[in-house]
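Both complexes below contain subunit A, partnered by subunit B and then by subunit C.
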Partner chain A sequence: MSAIARRAVTAEWTKLRSMPSTTWTALAVVGITVGLTAFMASTSSTDANQAGGLPGDDDVVANALFGVWLGQVAMVALGALAATSEFATGTIRATLSAIPRRGVAFGAKVTIVAGIAFAIGAVTSVASFLVAQPLQHGNGYNAPAYPHVSLTDPLVLRAVVGTALYLTLLALFAMGVAAIVRHTAAATTVAVTLVLAPTVVLGFFTGTIREVLQWLSPVAGMSIQVTRDRFDNPPYGPWVGLGLTAAWAIGALLVGAWLWRRRDA
Partner chain B sequence: MGPAYGRRMDETIEVRGLTKRYRDTVAVDDLTFSVLPGRVTGFVGPNGAGKSTTMRMILGLAAPDAGTASVGGEPYVRKPFPLREVGALLDASDTHPSRRARDHLRWLAESNDIPRSRITEVLELVGLADVGGRRTGGFSLGMAQRLGIAAALLGDPPILMLDEPVNGLDPEGIVWIRGFLRSLAAEGRTVFVSSHLMSELQGTADHLVVIGRGRLLVDASVEELLSSAANGAVVLRTPDRTEVMTVLANAGATVVSTRADALSVTGLGAERIAGLVAEHRLRLLELTPHRATLEDVYLELTRDAVEHAARGDRG
Partner chain C sequence: MPRRAGTSRALRAGWTKFRSVPSTTWLIVAGIGVTVAFGLLICSAVDTAGGTPGCAPGRAGCGDEDVVLNSLGGAYLGQIPIVALGVLLATTEYATGTIRATFAAMPRRSRVVIANTTLLIGVVLVAGVAASAVSFLLGQPILHGNGFVPAQGYPIVSITDPAAARAILGTGVYLALIAVLAFGVGQITRRAGSAIAIVLGLLYGPAIVSLLLQEPLQETVQKLSPMMAGLAIQSTVERADNVPIGGLAGLGVAAAWAAVAIVAASWFVRRRDV
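Right, the complex of A and B next:
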């Protein structure tokens, strides 16, 4: 990393940290995710053991990370605010006066948003998993149908770390959208709509349209949580799904960076 | 801080043929001028004249449609440590309202490897030492303005560019900023200050760049401007009007009677007039050389250029 880039990253880190909204959105990501997971885990029970000890097809790992469906909205807000706070307040003029190489300034922001989002994502998914475990056990998710799993199992590790990566990509996607749209309310609305709309309308379609929607959805990366074959799994594997979310993030960031370099501040 | 900063006091701002168009208006029109070190250069024009747009182009924040702007011999955007070379105040409200003043200065310092001790120094310098821990959203316009000045001074830069720094300051603050700008120029720095009010710069600026509708109207020293505007008239009052008129006319002056006992004289200095009147044992009640103010000059210059469109100018 060049000296200028290092200084820019340090400055962005201070900037993001000194904005109270970062703390609040971070707490919201963790709180909403863990809360929804706990609610889900404490209200879902299984009768698999009673049905002759056959292995059940509930995905206990994915269920232990279920709250991310809602928590990701706060992550989108965090990513969007990292960029719109510049435009909405005029800070962009100070930023580009201090770091006139626009590509460097944008890159530094991407680096810091990615780092913070991954840290929040990791805390969120680990906490969600650990909170869900005893609740699931208490509701009948036990051997032989549901042998207990731990964080260090390869599949669990993939799901938990993958969820942190997924949340990171969503924050970056939102930041890219925000660099394009520049207004907080508009950027958050656009990003949240793009993220959730395909999933919301999915239920109305079957066949090819349904499959196309699944391929186009930014939430494709949620497939990283899949640890069991189920009828309602998406038509692609965990890593392909995460790759689809990454494609959305990269696309938004590329357009955002291009505009960031071109526009007058 | 100190000499380790490698201050270069020979840095100038060079604007060459700078032009900026917005959809249907030309905000800055082929502007060319230089801002030199060691003096305060006022950048004056009515609201909407293109002052802020010009400053934003100098900083590389807005791209010109034509022309160039350079600072210390190179475009601003090439500078590895821009805040140590140019301190700029564009809009005092360009801070995040939820961020504490000290944090605002901190990230700026970090971005240009400016020692953290400098943050306390500049806060003290502008009189904000006690409120550094407060969020800038709660600042009055005057405090925000002082914070903006602190940010501009952070890198101890040889060049300062301030857009309407007097805006929002209380009378005490106005006196302070004027003295401060003078002292910065006296240290050899390049000080470029905009204002839409010429009177704000009287007594502060040494040199003036006056623009109207994006075009350069005047680029001259304050002295030159004032002497070009003063026609040298002297107003006098005397009970011996007719006799005085004769004496002065004979001495080659143009004399106009303005009131029953008042005359306006051009072509002779006040001292010479007083001498002539005394020589002829005539009486004099009052003798006043008429001085032009910068405001007179400015109004004269911008009469045709005044534009009431607030659009396209943030200052």
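Right, the complex of A and C next:
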């Protein structure tokens, strides 16, 4: 890393960590995820099966990370704010005067957001998994149907680390969207809609359109949490799903970086 | 002698600001456009095969697809620009600083909240009823083409049928209530980004959570959710996946959320400096 890039990264780190919104959104990601997971785990039971579900096919690992479905909203807000707040306040002009090579400035922001998001994501998913375990055991998720799992099992590790990666990709996706629209309200609306709405409107569709929607949804990466065959699993494997989310993040960042270099601040 | 700044003047001032901001028009157009477009997509995608299990397709009274609900389902996405509209109506004045001029002119701050709420309800109600009426009228022929005809057990539904009319008007009322909820949250957070994230989370979150929840909690969450309960007014057919609440009661739940947001907003507006 060149000296200027290193200094750009340091500058971005100072800015991001000194913004109160970063702390608030980070706390919201952890709090909402762990809280919702704990609620779901403490109210779960082994006997009730959803429509079409087989007895004993609950995915205890995916359920222990379920809170991410809502916690991700705060992560999206964090990513969007990291890119737009400088445009709202006008400090972006100082930033780009100090670092006229815009690609370097944008790259520094992406690096810092990725690092922070992964750290928050890792804390979130490990905490969520650990909190859920005893609650699930207490509700009857025990051997033989449900042998206990631990953080070091390969499938669990894939789900937990994968969830942290997934949250990182979502923050970067939101950041890319925000770099494109440069307006917090618009960026949050677009990014939050894309992570929440597809799952909700999926219920209207069957067959091909349903499958197309599942392939196109930025939340495809949630499939990294799957550790069991179930009727409601998405039509792709865990890593393919995470790859789909990565494609959204990379696509948004590339367009965002291109516009970032072309437009006046 | 200058007249006192009463609620009617607050309303007129609010209306001038409301209609002179370009984003307002765009968001309303987007709300109508997304509602209609997504409703038509649902109508083109749905087929008669999804009837009650074990029921021979084509037998009269056998299919349980809800042709009214399907043609109005666009509101599930069309509400997003309406949420943005409500939030921005509150937060833009804080972002630009005009809120200080507004409150200097209207020192009784809750009047500003009430005037804006009234405006939002009026505008979104009209736009929402228009959007759902158009969705319904354009959606029905598409559904007929997809086999939803009397011979397949689906009588033709007209916009004047009480159940259909109730669903269309109810969807408009729902959208107006959601706009008010968004406005209230916007007044509380004063930040567009966080307010939009909170409101969309509040609307869609329970729907996602209820996919995994088991009874009886699932029913409770659905009944308390502003979106799931509020849009129950669109149901005109008994179905296993209906939200277990009556249409009007469901709108009552959405109204309660909106009312709580507005009461909290009025309280915060009076207590905090701008």
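Just so we're on the same page, the second predicted complex is superposed on the first by the 256 of 265 C-alpha atoms of A that agree within 3 Å, B and C clash if a C-alpha of one lies under 4 Å from a C-alpha of the other, contacts with A are read in each partner's own complex, and residues count from 1 in each chain.
Everything that follows uses one rule, which is that a contact is a pair of C-beta atoms (placed from the backbone, for glycine too) under 8 Å apart; a residue touches a chain by one contact, two chains touch by 3 or more.
Small disclaimer: the values here were computed from a predicted structure and weren't measured.
Peer 1: Put subunit B and subunit C onto subunit A via the superposition and say whether they clash or fit.
Peer 2: They fit: once the shared chain is superposed, the two partners occupy separate space.
Peer 1: After the superposition on A, what does A:N142 contact: first (subunit B), second (subunit C), both or neither?
Peer 2: Neither subunit B nor subunit C is touched by A:N142.
Peer 1: Would you sort A:M19 into first (subunit B), second (subunit C), both or neither based on which partner it touches?
Peer 2: It touches subunit B, and subunit C stays clear.
Peer 1: For A:I4, select first, second, both or neither according to whether it touches subunit B, subunit C, the two together, or no partner.
Peer 2: Touch partner of A:I4: subunit B, not subunit C.
Peer 1: State whether A:V200 touches subunit B only (first), subunit C only (second), both chains, or neither.
Peer 2: In the superposed model, A:V200 contacts subunit C only, not subunit B.
Peer 1: Using the superposition on chain A described above, determine whether A:M40 touches subunit B (first), subunit C (second), both, or neither.
Peer 2: second
Peer 1: Tell me the contact category for A:N233 with respect to subunit B and subunit C: first, second, both or neither.
Peer 2: Neither partner.
Peer 1: Under the stated touch criterion, which partner chain does A:T188 make contact with: subunit B (first), subunit C (second), both, or neither?
Peer 2: second
Peer 1: Counting residues of subunit A touched by each partner, does subunit B or subunit C come out ahead?
Peer 2: It is C that touches the greater number of subunit A residues.
Peer 1: If you've got the overlay open, could you tell me the nearest Cα approach between subunit B and subunit C in whole angstrom?
Peer 2: 12
Peer 1: So which bits of subunit A does subunit B touch that subunit C touches too?
Peer 2: Touching subunit B in the first complex and subunit C in the second, residues 21 of subunit A appear in both lists.
Peer 1: Would you tell me which residues of subunit A are touching subunit C in their complex?
Peer 2: For this pair, the touching residues of subunit A are 21, 36, 40, 43-45, 48, 50-51, 63, 66, 69-70, 73-74, 76-77, 80-81, 84, 88, 184-189, 192-193, 196-197, 199-201, 203-206, 209.
Peer 1: In their shared complex, at which residues does subunit C touch subunit A?
Peer 2: Going through subunit C, the ones touching subunit A are 38, 42, 45-47, 49-50, 70, 73, 76-77, 80-81, 83-84, 87-88, 91, 95, 191-194, 196-197, 200-201, 204-205, 207-209, 211-215, 217, 240-241.
Peer 1: For the complex, give me every residue of subunit A touching subunit B.
Peer 2: Its residues touching subunit B are 3-4, 7-8, 10-12, 14-15, 18-21, 85, 89-91, 93-94, 96-101, 264-265.
Peer 1: Show me the residue ranges of subunit B that touch subunit A in the complex, using the header's touch definition.
Peer 2: Those residues of subunit B that touch subunit A are 56, 59-63, 76-80, 82-83, 88, 90-91, 93-100, 103-104, 106-108, 110-113, 151.
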